[in-house]
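Accompanying notes for the structure given below.
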């Protein structure tokens, strides 16, 4: 209790480190802003410009965009996302079995993993840019872009869930003299099916946003509507399109999340929250971990 | 133990439930309908290879790609956009996340409103934000930075508020019991435990931003995508491919660095 | 049925799990293998169906050389050998019947089994196997909804569905309580008697070994230290095999049930 106990000195360096980090952040900010062609009046003018446009956006001109078929375009985005997800799911599933280290030999596993990585690295938008000259403008280009890109992420997630299964049943099928295909079908597939199908749904949620964006370069869906209204500075129409899109996205998110919860809790799956947090950041649809 | 040929105690094979069958039928019907709507055309899969366009992708003009003015400078711009928006977005996300977690929200209205607003913000695709910003404040990286700031904020609050939700409430209660006001109580009661996650998530958001800022240029919001779009319009797909290779390598390196840093943090 | 000659197994890590085993087992025998943990019991069983590869020596099962066999030959050999596991190794998320049908995978064409179009006679074989272990009423229940003892019976039925000539059981009752253990051992014994399937069982408990075995094999540090009729086994023999005297823990009747609360595994 008395001063006989030696009090430890406050650890040195903590303060210094904090200042260093702050300095690094400030330098990074200054460096980045220097490249953005920001002048003072642009910076000060920006909030005013944004506010002016925001005011023109209210009230949204729903009737007008409805006449132009905006609702159909929103649904087209949903169809693109759905078919893209189906394509990605169907193609990625067999590949995932060839990419998992516990069931596939190394000579096939390594190239397939690299394929997944390479696909994940190319954003849908860029894929669509490459595909449009081949397929022509329209929803099929967007669908293919989403389908191809989804192979990368869905393949990676499916591979991970195959790698986390219980190896006992694999050994059991092996000991009965079953072939590799039978082993995948009866020992592995039942174990991963529910997790993987919930990933498909999750990817569908992401793909709805992605397909909306793809329309901006003419690959089908609602994006083209938004762009044309903005180009003509028809802000009430643009905001109506925006509200429609957000409404559909939120609805799909809600339904899909509920279904996923049922799929996962209906079976003894691994806990979902961490996975969802991780994958949720995939919202732009152009990247993953 | 002996096999009974009578088979009397064998259960009958359960019939597929009507619900299962009707869900499967509905999904199939929807898929077929959607496929027709998007112009599903499997011939693309084989005709793609005979397309003369592929010749335009090869060979990659490395001279052009490595000429600093062509790719390097716009790439630096991409990094600048990603950096400033990560710092601003994640900075703003810190207080907003605390408002969005039931554990740390100052009061119920703040909690509900911040959640609702953030859900809507996240429902707007990132390039929609970019296009809106470009329209509002003009073409260029400045607009792109604003768009990505909003996007970073939306992603970060989702990730970080989940972390706060899962934090141990003990220290916070202790700080409140000691009579601390709301903000200081959070500062001492929660922040130290969740800060490593905050930094880790920020790194992840930076990673996302680099990837996202690659395509910003396609809608006029600056960065490397601007060059990509220009070369595409001239049908210089060889250059596009060369840039894609560079982008792939850089994004991959960033991902590796970020993943290893994040592993060390958590 | 089984002929092992100078069999040795060394694992990649350098552990010599079996050394110079010579062993002959005739058709229809019921053999119990005992030994301390790590003595090489599991390795001995697994080497018979090629799940573990012999480093040297010869393993002939039912007239086929297993060491160095081609994948096709190995599948052929395995199709005639049923295996039962300590942890059951069932697919929990599918029905009992589907688990048992896995025993038919080696005879059903791959495309049919993959699509789930099992031929009627294979469904019949699976049902008969389930009847033999007395749980045919559970055929369409999810495997995860069964008790531990019932799950092990599904494991046995899966092996039986192969219509095997040889049955290998690696500590089949280690995860079960004493009463269920006896029932499962009884099932194995009856299968051996009624169907004449040669059976090799690894056991941990000495009293179970004495109760159900006819021939006993003792392993110690990878070497065979005893091989003889169960009637000739004395406490002395067990001391040789275990390198210490017998304790309560070596007996099922006395030892703590290792399976408390595992009924719903």
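Assorted remarks:
As written, the chains take the letters A, B and C, and residue 1 is the first residue of each chain.
We adopt the following convention: a residue touches a chain if its C-beta (ideal position, glycine included) is under 8 Å from a C-beta of that chain, and two chains touch if they have at least 3 such contacts.
As the structure is a prediction and not an experimental result, all values here were calculated from the model.
Contacts between chains leave no pair untouched here, as each chain touches all the others. When chain centres are taken as C-alpha averages, the shortest distance to the whole-protein C-alpha average belongs to A. Ranked by distance of CA centroids from chain C, the top chain is B.
One simple way to say how far apart two chains are is to compare their mean CA positions; for chain A and chain C this gives 47 Å. Taking the mean of the C-alpha atoms as each chain's centre, chain A and chain B sit 5 Å apart.
Distance between chain centres (mean CA atoms), chain B to chain C: 50 Å. Residues 25, 28-29, 31-38, 42, 45-46, 49-50, 53, 75-76, 78-80, 82-83, 86, 117-118, 121-123, 125-126, 129-130, 133-135, 138-140, 142-144, 209-210, 212-213, 216-217, 220, 223, 226-227, 230, 233, 238, 242, 245-246, 249-250, 253, 273, 277, 280-281, 283-287, 289 of chain A are the ones that touch chain B when the two sit in their complex. Of all residues in chain C, those touching chain A in their complex are 49, 51, 74-83, 85, 87-94, 98, 101-103, 105-106, 110, 113-114, 144, 155, 158-159, 162. Touching chain B in their complex are the following residues of chain C: 127-128, 131-134, 136-140, 187, 190, 194. If you check the complex, the residues on chain B that touch chain C are 1-4, 7, 9-11, 13-14.
Of all residues in chain A, only 168-169, 171-179, 181-183, 185-187, 190-191, 193-194, 267-268 touch chain C in the complex they form.
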